[in-house]
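Can you read through this structure? Questions will come right after.
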Amino acid sequence: MKPIVIIGAGPAGIRAAQTLAAHGIYPVLLDEAARGGGQIYRRQPANFTRSSDKLYGFEAAKANAIHQTLEELRQQLDYRPDTLVWNAEAGQLDTLHEGRAARLDYASVIVATGATDRILPVPGWTLPGVYSLGAAQIALKFQGCAIGERVVFAGSGPLLYLVAYQYAKAGANVVAVLDSSPLSAQARALPGLLAQPATLAKGLYYRAWLTTHGIPVHQGASLTLIEGERRVQSLKWRSKTTERTLDCDAVAFAHGLRSETQLADLLGCEFAWSPLNRAWLPQRDSAGRSSSAGVYLAGDGAGIMGADAAEMAGERAALALLEDLGYRVDPQRCAQLEQSLERIGHFRQGLERAFVFPEDWASRATDDLMICRCEEVSVADIRQVVGEGHWEINRVKAHCRVGMGRCQGRMCGAAAAEIIARESGRAVRDIGRLRAQAPVKPVPFGLEVEP
Amino acid sequence: MIEVDAVIIGGGIVGASAALFLSKAGRRVALLERDFCGSHSSGVNYGGVRRQGRPLSQLPLSQRAHEIWGQLPQLIGIDGEYQRSGHLKLARSLDDLRALHDYAASSQGFGLDLQLLDRDELRRRFPWVGTVAVGASLCPDDGHANPRLVSPAFAQAARRHGAQVHEQCPVSQVTHDGQRFAVRTETAVEFRAPWLLNCAGAWASRFAAQFGEAVPMHAGHPAMLVTEPLPVVMDASTGVEGGGIYARQVARGNCVLGGGQGFALDDARARPGQSAVIEILRQAVELYPFLEGAQAIRTWSGTEGYLPDRQPVIGPSSTQPGLLHAFGFAGAGFQIGPAVGQALTEIICSGASSTPLDAFSITRFHSISVA
Amino acid sequence: MALLKRLAESDRPALKFMLDGEPASGLLGDTVLTAVLTCSEHVRGSDFSAEPRAGFCLMGACQDCWVRLGDGRRVRACSTMLEAGQQISREPGRQV
């Protein structure tokens, strides 16, 4: 009998595993990381000593619960950490574990692959000392490090304030927080954010705390240049009224998150444009069923909803899977989960209004700005190809190599789409989408193969 | 309704080069491509620009193409990363080496200038080749290019010379009224012309069948893989006698490797099969030891048209005057494509191709029933 | 010089390793990236302009932290734990 497989041991994957186990299923749980928890609840190495409160703040209870759940489930599932799923086809997954490739047949699969930061590059962003907001958080949470001595946080989104707060609380020197969203946007979004009062309260708390502790927070503030010889030494930012230079040695920035959809793509899921995420996402119904039979989607890997939603979506997708296999599931629980997810969906709409996507980013991008850091492709290179008449993103990729590097467009894809859209005069949704190509992450030559 | 001298179905390198040469000869051309020019086989193939290894019957056309490739920047305005690196066909056994010797002998006089290397010569001149190779045949002026740049550039060049190039323009219907072809597209435009060129690649049999010339074509999907940028080591593009993993290295350092088969996702798109990718990852190091420790970062495939004898169909229809066929290149159309475009232009402009095309006549399938 | 600054968890056993042939030291529980960037300012040179890079996403997505180990393997520094005696080489990249 082919197993039921879950890809990703973050909050979505762990709740899915728990739900399946509770119904007597023995699933396979694959995870790229060594320890479960995903990114938001990433565990520190086993020999670290900080408390959960120190690591996760207000989310400590949730993080503990997730970690404990996985621990308790160890006997009830086939848990395979340090395992990369690098390719997927209908009914089969290709894995890589300690240099050994193996094939795993599955009966049904829950894809819970999470997200990474969404990056709108700024000149100088490849300098040592520049990291994504998620990276800055991982440095602290996972390694007890700050990304530098004098750190500036920039971009927008709830993570901006959270990480800046975490850094300051941990004793780092936070030079400033530059939120590209105007205060007016956040004020207008407030009513929508009341759908999740606790989450809103935390966000406001982080923000207020920073100000109370003397850390400058600027709204409507955008990075224009990061400078330094071989590492960050200073940066320039602007707002409507001013342009300033800041001495610093590290910068963390991002504008929200982007879903890791490569495996869903390789599994043949239909994609649809999501205006809220400003991205192409694998379609899922309210229960997490994709367009492909036997493939379920849960968590941020199919649309950014946050950790709480990921837990619910993981459980709901597992229930859908069970239902589709003929198991009896609790319909009230299903309805409850879907209602909660819908409420969170409303909240996410509010967040998008509060942390506005900088629509003018592409028009402000200068020719010399590097978009694809793997292949070192600049805005000018992209503009030239579009000027020659190419506008479909895979076509543009073929001509100037944007997105052809090791990261396969994770870091540059969103930005490249914005540039192409602007240069070609088309909407971002009308320029096509980058197709996933195996391996979703680099795999080594000379690998061993499990017979 | 648009009147032209020639309608070309298919914007791959064959159709686009025909469009270019016809336009340069002063003919009015409409090139109809259902996706983007050069986006299928012509754009996703390995990138080998080679004569060595072709059936002897292809060598005159291939040699003619070689001369066209020598003028590539003048013709299409870009260098397309074309380099005459040499094509090194490796032998892994004495039998394979003997086969290379046989080919070198029988291809004498076609201009390939093949050099046969024994084990010591091979080791001395190409030390990066794995010791599993016992010898090789080198064609010094064969090479490779970037098909993603070259194939679309032929279409762009055709456009600059006055050809109408219609992309995202699938052909829905082709008829002939006794005088001209009428070609209707899904964008509701109709083109009329006395000449129709069927350069529709893996999808060409549909148009051939419409004129009573069904051919037994099947689709093939080669597995391709590319590495991260690596220190530049390979100074020739390789092939392997008897089949194996072939490789080339581009100036930026990535190695492109091919071998094995993929599968179709739909009528137009394909992916490498998992086994093929694993095989390349496992076997390539034996032939190319410098790949140890390197990473594969991407794989792809495409859709190629194969006829049972792995030879293309090139030349006039046997049933419909004014219809010319050029398809079924079995994954080896990239190098030879521009010469085929030129030959088709000669047929239209002067009545016949100066290079014989009899070996590629569609009539060779007339006695074969198509399922 | 260092890029990353240790704020906590400093009380861990030291692990000696080699960085580009020179002795260096990290702590048990460090990733290779942390170990390298707490005693230097880059982990690799870029492929086409040999510019210094020090990773970016720290979660295995950006692929900008690949280093070479003594046994010839290449690993993502952010996703690999430091081991005692490891020989870590930073690739200089290329100016193309």
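Just so it is clear, A, B and C label the chains in written order, and each chain counts residues from 1 on its own.
By our rule, a residue touches a chain if its C-beta (ideal position, glycine included) is under 8 Å from a C-beta of that chain, and two chains touch if they have at least 3 such contacts.
Heads up on the chains, UniProt names are B = FAD-binding oxidoreductase; C = Ferredoxin.
Fair warning: this is a prediction, and the values are worked out from it, not measured in the lab.
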Max contacts between which two chains? A-C
Closest chain to the protein's overall Cα mean, using per-chain Cα means, please. A
CA centroid of chain A to CA centroid of chain C (Ferredoxin), Å: 24
If you average the CA atoms of chain B (FAD-binding oxidoreductase) and of chain C (Ferredoxin), how far apart do the two points sit, in angstrom? 44
Could you work out how far the Cα centre of chain A sits from that of chain B (FAD-binding oxidoreductase), in whole Å? 41
So chain A residues touching two or more other chains come to 405-406, 442, 444
At least two other chains touched by the same residue of chain C (Ferredoxin): list those residues. 47-48, 66, 73-74
Residue list for chain B (FAD-binding oxidoreductase), restricted to those that touch at least two other chains: 228, 292-295
List the residues on chain C (Ferredoxin) that touch chain A in their complex, please. 1, 3-12, 28-31, 34, 37-38, 41-42, 46-49, 51-64, 66, 73-74, 79, 81
Footprint of chain B (FAD-binding oxidoreductase) on chain A - complex, ascending: 87, 89, 92, 94, 101, 103, 268, 388-390, 392, 395, 398-399, 404-406, 408, 437-439, 442-447, 449
Can you check the complex and tell me which residues of chain B (FAD-binding oxidoreductase) touch chain C (Ferredoxin)? 228-229, 231, 251-253, 292-295
Can you list the residues on chain A that touch chain C (Ferredoxin) in the complex? 32-34, 39, 44-50, 54, 99, 116-117, 126-132, 134-135, 138-140, 142-149, 170-172, 230-231, 250, 260, 373-376, 405-407, 410-411, 441-442, 444
Which chain C (Ferredoxin) residues qualify as touching chain B (FAD-binding oxidoreductase) in the complex? 47-48, 66, 68, 72-74, 94, 96
